[in-house]
Structure formats: structure tokens, C-alpha cells
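Worksheet: the structure to be examined is printed underneath.
Order as written gives the chain letters A, B, C and D; numbering starts at 1 within each chain.
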Amino acid sequence: MWFASDNAGPAHPRVMEALARANAGYAAGYGADEAMGRVTARLRGIFEAPEAAVFLVGTGTAANALALACLCPPWASVFCHPFAHVQEDECGAVGFFTGGAPLTLVAGEHGRMEPEALEAAAGRLGGSVHQPQRGAVTLTNATEAGAVYSPDQVRALARVAKAHEMPVHMDGARFANALAALGCTPAELTWRAGVDALSFGGTKNGLLGVEAVILFDPAKAWEFELRRKRAGHLFSKHRFLSAQMEAYLEDGLWLDMARTANAWAARLAAGLGRAPGVRLEHPVEANEVFAAWPRAGHRRVQAAGARYYLWSFEAPQAQTLEGGPEAEVSARLVCNWATTEAEVDGFAALLAEEAAVQSA
Amino acid sequence: MWFASDNAGPAHPRVMEALARANAGYAAGYGADEAMGRVTARLRGIFEAPEAAVFLVGTGTAANALALACLCPPWASVFCHPFAHVQEDECGAVGFFTGGAPLTLVAGEHGRMEPEALEAAAGRLGGSVHQPQRGAVTLTNATEAGAVYSPDQVRALARVAKAHEMPVHMDGARFANALAALGCTPAELTWRAGVDALSFGGTKNGLLGVEAVILFDPAKAWEFELRRKRAGHLFSKHRFLSAQMEAYLEDGLWLDMARTANAWAARLAAGLGRAPGVRLEHPVEANEVFAAWPRAGHRRVQAAGARYYLWSFEAPQAQTLEGGPEAEVSARLVCNWATTEAEVDGFAALLAEEAAVQSA
Amino acid sequence: MWFASDNAGPAHPRVMEALARANAGYAAGYGADEAMGRVTARLRGIFEAPEAAVFLVGTGTAANALALACLCPPWASVFCHPFAHVQEDECGAVGFFTGGAPLTLVAGEHGRMEPEALEAAAGRLGGSVHQPQRGAVTLTNATEAGAVYSPDQVRALARVAKAHEMPVHMDGARFANALAALGCTPAELTWRAGVDALSFGGTKNGLLGVEAVILFDPAKAWEFELRRKRAGHLFSKHRFLSAQMEAYLEDGLWLDMARTANAWAARLAAGLGRAPGVRLEHPVEANEVFAAWPRAGHRRVQAAGARYYLWSFEAPQAQTLEGGPEAEVSARLVCNWATTEAEVDGFAALLAEEAAVQSA
Amino acid sequence: MWFASDNAGPAHPRVMEALARANAGYAAGYGADEAMGRVTARLRGIFEAPEAAVFLVGTGTAANALALACLCPPWASVFCHPFAHVQEDECGAVGFFTGGAPLTLVAGEHGRMEPEALEAAAGRLGGSVHQPQRGAVTLTNATEAGAVYSPDQVRALARVAKAHEMPVHMDGARFANALAALGCTPAELTWRAGVDALSFGGTKNGLLGVEAVILFDPAKAWEFELRRKRAGHLFSKHRFLSAQMEAYLEDGLWLDMARTANAWAARLAAGLGRAPGVRLEHPVEANEVFAAWPRAGHRRVQAAGARYYLWSFEAPQAQTLEGGPEAEVSARLVCNWATTEAEVDGFAALLAEEAAVQSA
């Protein structure tokens, strides 16, 4: 019962096979491998963006920070949600890569920025030399709270951004999960809705460690190349990144894995919904479940070997796995392509059983 | 009736005379001038800190950012109030000088951080590699809302900071005003209360453009020197900075000017208090008055040549000097050593007159 | 006949197998995987350094730049050879990671800095606030010209560095090749000779993309962790890096592969030595051969499919693969664990044949 | 006999008077003062550049570093002479302000880069992602060795720079001295010869501490404003900078002072030329004299109170004022507007006397 993170799970066997195949003989390094040419063509096709520039890096933090450094100068601010990975989980990478650009927080439910809140925050900055300028907007889809932005919701934010001459970046560490949930096309969820640059996640969705950055406008492609190189994110044996991404895109594996993960999360949420005393804290729209349950249930599933993080966006460090004085715990459960029915149903059953014990 | 800013006013004649005297003959450059030796000795005496390192720079932003860069590594965060100059008025200088350290905002009334809010904010960071670490705390005294921190209030914040192993910086652009308001000693308001580094303002209080940075613990003195140099803030003809600061400190000129400015602000606040329809928005504890009055009064004093900024911390850019739909305006009035009785009383009288006209 | 680079070759089958094994089930992320514990223990043992801090990253540029950022403050300089990878091949990464530290070039033959030249260069800096200070020394072993530093040569440089209070970093992208050439112990070539931090290469020597950074003094371990995270170099599925490194270290695979590569380079050099008109440009001490030969020979081996870079440290861009007016070309040939006898002997034979044709 | 530096001398009385006049009443801050409008108009007129953007800062390091940060991205290199102030005397400021751009050194006699050397250095960089790109060229006029670039010499360098798509910056800390020496127009020496940005010095030539930055192409004006602000180089009481610069430009004071300083240097050089055993080390074209003389002469003038730096570009720290084993010393003598005939002639006479004593 590993629900700690989608990056704790294994890579897909087809990815491993592709990696093994890629190891034959010699290949040009630093992104000049032939497989990368195919990856670029494939992603351009998938996104209906024949001019897009495509890059591979090894981590999501690198993807986000490099993309944002191309979009936001040092003297401007990146606007993001308080839950955003760039704010909460990257140790200030945006500040490092941009040369000091601050993050401005924009509120909204379930990890989704509200357009009105973005408008208000953007209105406070810019024009005066005394403040950071309006730099770029980054939104996370699926969000860190397991919700998704629809194309219309993306467009509404992009409209505000563009009215303030800000480009839009999407942190798509779980882009496949969002897309699988929405059923729209990749283009509809990105550049057609106003997204200029996308971190297209692979690591959380069945790869060993590869993310693509897609710049729909290739004007900054060479700048990205140079920033990637000097940040140590250009791999010499690049073919091993290309091979992962190529396998990911082949025959829709990326969407299949995301659909599977989403389905397990939905089933898990449904199961939890039947357990007395369990309360969902965010809508379950992708592959994450945020819920609260009694401490007794927490102890029961922990004893059974379940792995997950206690998690509260309000006070992230107030809870510990060992527990605390609160009568209930808030937790995050993440499913991935390798999650099993036994894990999902077993977990919900344990919580339900414990509830029965307690109410007896 | 210039109340726009304390940095719009003239330098004190004694400062100008000192500058003229300093121009005789030759002097060693880059801080090796003899006058700087006297300034250091004088400030050490005033602060009862015989080991303190003392530096002069030309602007408050340089003072704050250089001091904080010595206290906070790139991967940690500086904690400050949302109104703080480092957050609102320095175009991201802390991010630039530290190499990317973000600011974490800590709420509180009238520009004063609350210790509980600092504790909560600090508790959210640190320990995990995924987030910026706890770096340093900076508090502004007098605050940007015209209030002051007492030594006890400083100590309460410093206690929280030290419990999290964070050094404390005080932005004292209006330190003299705070001290004049409190009547305590410089040492009591700084290192005895837990302050490690002070930006000791001069520019807003009668100099042409000099701030001292005082490091009560001189361990980082050489680092400060190097950071100052490579940031272009080490003046070759340094004697002209020393001369200003020396005149400032001589015979208590600095405190005299601050007392005068504070007194005018108090008289102005009192006068406004007698004008119908005028409402103070923050306590007037130093040399700034934040108040709201009817738009008609605003037009009247503007027509009479008054100069001030419309100012709202809630929505800083919502108001313009030209006016807007609101029935009343919020404004900031700043007094300085050169403010006159005629300006202060005249201003209040005009508002009162207009109120009388309107109610007639 | 691929001699373009050791990073164009394949990973070793045992590494691929380890990767496949590592993919079973779930594992804690971000370096908390169990395999990483074993890697740390193994490297501590190999280096006889039970306190050393060990980290894995994906590229050599990341390893070098992160290590040097821990050793050299922004206001100081890193001393390196003009051929060094940090100077020639990392697009300014040291400047980026340190926050602006410049590189100071120190000459010497075959990519080895001369202690006297280091002493002279170090003597020019430091003490005065007007110049960058003395920061750190980085030496590359094996060098970029295919030579190696002996422990005594390392010690001589470290002695100069330490006399100027500078820590010493070794760029060991080809550390295994140097060690295989010298026959000393890892400790003798590093900390016992005065090295404080090592980039321990794996990528060029049979891995897919993993380098270890070893800090022999762990005082900066936490700083390194934070720098790695904010630079996007902490992998979530870290187990796949650990697995590569574990396989690399097991049963001496790393040294076996390096010995093999070195042996091919020696055989290649010997073969070239027998070809008329071919001239070695640097001593062949590791797995690289730098040599010059007539343009006719160049055309002959190119036509036969040989892959290598024309290379001249004096004027790196003056030559192109397509050729130029010069009667002879200078080239770099790199061997790796997968190089074959057929490639090595065939290449030398072709050059000899062409020489015979030309002289006929 | 103060020849230590032109920044050890006094400001001109007319500048002091202007400063005193500027202190009357109130003025808008942060560059919005009326005097700044006049300064901009005056400099545009002097340079025949009606569109140029003009900024004032307090130090030459700030002027250079801010200008270069606008011209050179973090991943490119600034090309300069090994003697350049940015290389030797600014503690890495260019690296700090640009976000890590390295300096590439370009040789040439007397502090003047050779176009061929620039071509060779530029040819080594650019195109490949592995190296810093070609960023900008900065030349110092008058040079750090007291020579000047003619308009033709500037044009020759600019031609190379432009062929590589690099903008050209001129460090004109002693621009007035160069212009006075050459007798051409300011436009001829700058934008007509291909200079894009100029640090127009005032501090070394009779001001207290003001330099102008002139961007002949105003496209980056707003970027400069923001960089200046976040670096703490935007003065609130900006009128005191404007007043200095206005007085400097009025009635040609700036050129008069430079002509005077140059004339004293020429007279000093002539006097030294008559002293046996004295040898000029660089041509004396502006206000600096580099010469070598016997140690006995050095002791004699030191005893008489002369102030100057022992100076050798080859080994800058090998000599000390206290002396050393060498039979002769190399020194730099700098004249300024306030230098006197007595100082100049007295100094040369002392050296001549000592030579007579020694040869007796």
C-alpha cells in the first residue's frame, strides 16, 4: 500500500525495454542523438505545434526553473498559487535560475488560482521602478491538490496574464493525469488556451527521470539551450533520456498510465467515501486523494504497512507520521500506473473496519 | 506644503558645511579616510558596541540588501512584514544581493510583525531540503506605517528568530525617529534586544545620501566589505560620505532632526484630528501620518499646492493623485526637520475649512 | 571506429541489469533509497574516508559546479587550467552556481597546472577589496589533454592552495582512468594529497549518467544538499542513480572498465606511432590520444567511417571536420570500455596505409 | 605631492557651490528632479545624440556593471583588456551584475586591446552550447595605462565586435581626459565609432561621486532603470547627483579640468624625462604617468611626503611602498585638476637631485 508519491513507483516495463535497446552501440551526445529527433517530431505532432522547441531534462524542478528563467527577467515576479511546486517544493529554484525573481502568491481553491486574484495581484505590481515588474504566470495542472484546470479555466488565467503582457507557463508534472481527466486535446489544454511553455512530466507517470520542456514559441530555444547547459542539465548520454520519452509517447503509453492512475484514485476516493469518518478535502480529479480520517484509522493502516504523507496545506509541518494530539489526520494518497486493486480496496477496507471497531 | 517624503527635503546646513570642509586637499579613498575612523568610533560609542563593524553606503536599499546578504544564504528566506521596504520598494534587491533568497511575509498591525505570526511562518520552513530554509528576520523601525517597535517588541521577535537560529536585521531608515519617539538608548533598541545588524538611516533625516550599516558582531565585516565593493557601493571619494555622517552624529544633530520631524507629525496629526471627516489610519508615533479625508478636501489642499502620496497598503495602486470614484482618499504625509509650522497648520486648516464648506 | 568521446559509448551490461533490478516495486525518493546507503558506505570504504559525504547527480557539470559553489564564495576566484572542463565546456556553470565567481587560468603542460604558476596567480589576488579573493583550486585528473597528475603532483598544487587558504577540488570525470594509470589508492590520489572534494565520474566510464560528489570533510554536506535541490539536481526516483553507481563499484567494475579503456588508448597510440607522419601531441596516460596526421590520412579514415573530433587547444575552432588548408590535422581519439581491437588496429592501419600511398 | 589617484583630490569649487544651491527647498526624488532633465538634455546635446538615455550613479563600478549587465546575458562573456578596471579593480562586479558572465581577456599594448587579438578571442567562443557565448566588448578610454584610443582605434575594435554581433561599452572613467587629449568630438569618440554605451566619468575628474551612463540606443533604458533600482543605485535625493553633473557640464568645466590634469601629467613626464635613471613605462597621453626610477629616488621623494602607488601590471602585488630588493621601482603618478606646479616640478627635481647624489 504505497501511496506516498507517484515518484516512489516503478518505471513501466516498456520504458525499461526501450532503455535497454537504446544502449546498443554509439550515439552522438548532448541532444544530438537520433532518438531525440523522433521525440521532437512526436511531441510536435501530439501538440499540433510544428514549430515548438522541445528539450529533455532529468527533473521537474529543472524543467520549471529553466522554462521560467526564459520567461521572466530577474527584476520581475512569477505569479503562482501558494501550493505550487515552485513555491513549496523546489527550495527557491526559480529565484536561483532567474537571478532573483520573487514569487507572488495568488489564491484560489484546490490549488487553482482565481483569475480575479491574479488580476488583483498583477495590478499591484509593475510600472513603478520601486517594485518587481510583472514577469510570468505559472499554473500547475493537475494542481498540487489533485484538481485540474479545464481549458476554459486556463484561458481565463491566460487572458489576465496577457492583458499584463505576461507569458504563461504550465507546470505539467501531472499533465497526462490532467489530460486524461479532461478528455480534451493537448493543444486545447495548452497553447490554444494561451500557454507559452509547458513542463511535460514523465517521471511521476512511469519514467525513470525525464521531463520535456516545450516552448510553443521557439524564439527562446537557443536561450533555453544555453541556460540548460550552464545549469548542468544537458546530458552527455542524452539518448537515455530520449529513449524513455520515446517509449512514453509510443502507442499512447503516457495517457494509458495516467488513465490507470486516475482510475485508481477515483476508486480509492469512492472506497474512502464509504468509510465512516473519512472526509475528502479536495475534489479527486486526477491521481491524488486528499482526505482526513480518525487517528485510530491512521494507526491501523500504518500498522498494516501503508505508506503516505500526512499533509495539510494550511500548516504543512504541523503533523507527523508519528501522530499528534489531533483527533484526525489529513493525508495525501497518490496512485500511479502500478497501483493495484488490492492496495486500493484494502486500504479503504481497513479504514472502514477501524471505524466499525471504534463505533462499536 | 511638501509632505511627499522625508527624502524630498533638504539636507541640514551643518551637513552642507561639513561637506564643504571635507573638500580641502587630498584624502585616502575607499573608506580609508581619517573621518571614517572618527565615524566608526563615534557610532561604536553611541551604540555602546566597541567591537561593531561600521560601513557607509549611499542608499537604504544598498544598506538593507548588503546586510541581509551577509545574514541569509541563497537557499534560505528572509522574513519581513508585507509593508516592508525590502518587499514593497526595493525592486527585489534582496533576491539580487543574496543570490535568490525569497521573502516570506509575516503579518501584524501597523507594519509591526507579530511574534506569533513569525513563529508560524518560521515553523513552516526549514529542515526539509524541499523548501527554502530559515534565513534571517528583518524588521523596520520606525515601521512603514509610522509606528515604532519598542525594545520589548523587538526582543519578542528576536527571541522567536533566535529560537530558529536566525539573525535579526533592523531596517532603520527612520531609526532616529523611532529612537526619538521611544526615548531609550540606541543599544537598548538594537543589540541588547537581539538585533545583529542595523541599517542606520541618514538620508531621510537630513543627509544628502548616506546610510551606515552596523554589524554588532564583526565576524562578517570582511565579507561585507567584499560584497559592498563588488556591488559598486564602495565610494572612492569616501570622505564625502564620512563627512555627512560625522556632522550627523555631532552634538546629537541626528536626534534633534528626528525629534523635530516627529513633533511636526504629532502636531499635524493633532490638527487633522480637529478637522471633521478626517480619520487617522495608523498611530502617529514617528514622523509619518497616515490618514483618510474626503475627496473635496483632497482637491482643496492639492489646489493649494500640497504634495503627498495617496497611499493604501491594502491596494497600493488603486488610488491616483488625480483622484477616483471613492468619496475619500487615503494619504501619507511625511514630516522632516525642515517642515514648518505654516505648512503643518496650514494643511490642517485647509482640510477643516473644506469640511466646513461641505457641511454648510 | 567511434573515437568521438567516451560519452558516446554504451553503458556496461552489468549496469543495465542493475537498473532493471532496481525497478522492482517502490522506493523512497530524493536520495532516501536504501541503495544510496550502500553506495555511500561503499565509496567511504573505497576512499578510506568514513566521514565523507556522498551525493549523486546526473552530469559532470552539475558535480563540478555544485562542489565548487560549496568551496568558493561569490567574491572569490576559482583557479583552473585553461583546458579545464569548467573553463572550456560548461558554458559558465561555475559563474552561475557560485553567484558570479570568476575563473583564473593557471598554465602548465598537457593540462596540468604548474605549482609555480598557481603560486604566481594566487599571489596576484586577495587581500585587497578591489579584486576577487582567492577562492578554490580545481584540477582535472585525468587532464583534458589525456595526462594524469600523480599523487605528488596533486600534493604540490594542494600545498600552494592551502598556503593561500584555498580548498582543492578534483574534477574526476576520468578519475578511474587516472587511478588505473597510476596504480595508487583512491585515498592517495585525493584527500591524502590534499583534495577536499571530488567529482567522481561514472558517465564517461560505462554508466548512463551518474557522477558522485564526495566531500571528504562533511561540514558542507547540508549546504550541498540544498544547493543540489534548488539547482534541480536532486532526483525524485533517485534509486536509478544509486543502482548505476552500486553496479559500478561492485567487484571493481569501475576500475576494470577504466583499465580497458586505457589499454586501448595505449595500443592505439602505439599503432599510430608506427604510422609515418603521425605525431602524438600529448603523452597518452589515460584513455585519450591527441595526435596530428596528414590531411590525406584524415580523409581516408573519415571515408572509412571513423568518428572523432579535430581538436587543438591552441585554436579550438580553427579546424573543422570538413577540413581546411592545413597540411595536417590535429585530433582527439577517445577509447572506452567497449572499444574493440578491430577499431583500434584498423584505425592505425588505415593511417599507415595512406601514408604509404602518399609516399609512393 | 599627492599623485596616488585622481580620486584622492578635491571636488571643484563650482561643483561644491552647485551642491549648496541644489539644497534649497524640496525636490522630487529618484531621478525625477528637474535638474536631471537639464542634465539629460545637456548630455544629449554634447554627444549629438537626441535619443540617448542618461542615468546617474554614484560609482564607476556601478556604471560599468549596470551597463554591461544590460548588454551581456549571463551565458555570454565580456571581452576586455587584462588591465581593465572591470577585471582588476571591481571585485568581480560584472559577474555579480550579469548573473555570472565571465570576462575574456584580450591583450594589447598600454591597456589597448588589439583588434586581431579580439578577433582571435571572439573566434574561440560562440556557436557551441558548451562555451559562454560572445556577449559584449568593453574598452577603457583613457586606458588604465594612461594611453588613449583614437576614434579610429575604437572603430577598429567595434568593427570586430559588431561582426560578432557584440555591442560595445566604453569605460570612460577618464573619458574627459581621453577627449581632451584627442581633440575630437564626444560623438566621434563614441557612437560614431561604434560605442553603444558609455560610462561617462565625473568622480575622478572633479566631482564628489557621480558617473553618468549613456545608452546611445535607448531600447534598454527601462531595463537599466530596474537594474539600477534593485542594485541600490537609484538615489532618493537624486538632485545632489544631478547638481554635480550639471555643474560639471556647464561652460565646459569637465573638459577644462581634464585638460589641466593632462597638462600636469605631460609636464611631470617631461620633468621625469630629464631626471637621470627615470624611464617612462607607458606613453603619457592623458593624466597618468607610469615610470620606473631608482630605489634611492623612491626613498627620497617618499621622505619628502610624496604619495603614489608602486605599480606594475606584470606583477601587481610584488612591490610595496616599503620597498623590496629591486634596484628600481615602478610607479603610477596621477594628476588631477588641483595638481600644482610646485608638486609637479618639485617631484621631478627631487628625483633628479637624488640621481645626482647617487652618481657623485
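Rule of thumb we're sticking to: contacts are C-beta pairs under 8 Å (C-beta built on N, C-alpha and C of every residue); 3 or more make two chains touch, one makes a residue touch a chain.
In this text the structure is predicted, and so the values were computed from the model without any measurement.
Among the remaining chains, those touching subunit A and also subunit D are B, C.
On a Cα centroid basis, the chain most remote from subunit A in this structure is D.
Simply put, of B-C and A-C, more C-beta pairs touch at A-C. Note: centroid distance subunit C to subunit D, computed from Cα atoms, is 42 Å.
A straight line joining the Cα centres of subunit A and subunit C is 35 Å long. Here the spacing of subunit B and subunit C, counted between their Cα centres, is 52 Å. Shared interface positions of subunit C, i.e. residues touching 2 or more other chains, are given as 74-75, 90-92, 95-96, 99-100, 129-130, 226, 229-230, 234. Taken pairwise by the contact criterion, the protein chains are fully connected, each one touching every other. Residue ranges on subunit C touching subunit D, taken from their complex, read 74-75, 77, 88-92, 95-96, 98-103, 120, 123-124, 127, 129-132, 315-318.
Per the touch definition, subunit C reaches subunit A in the complex via residues 2, 4-5, 7-11, 16, 19-20, 23-29, 57-63, 65-66, 90-93, 95-96, 203-204, 208-209, 226, 229-237, 240, 307. In the complex of the two chains, the subunit C residues touching subunit B come out as 30, 73-75, 99-100, 129-130, 133, 223, 225-227, 229-230, 234.
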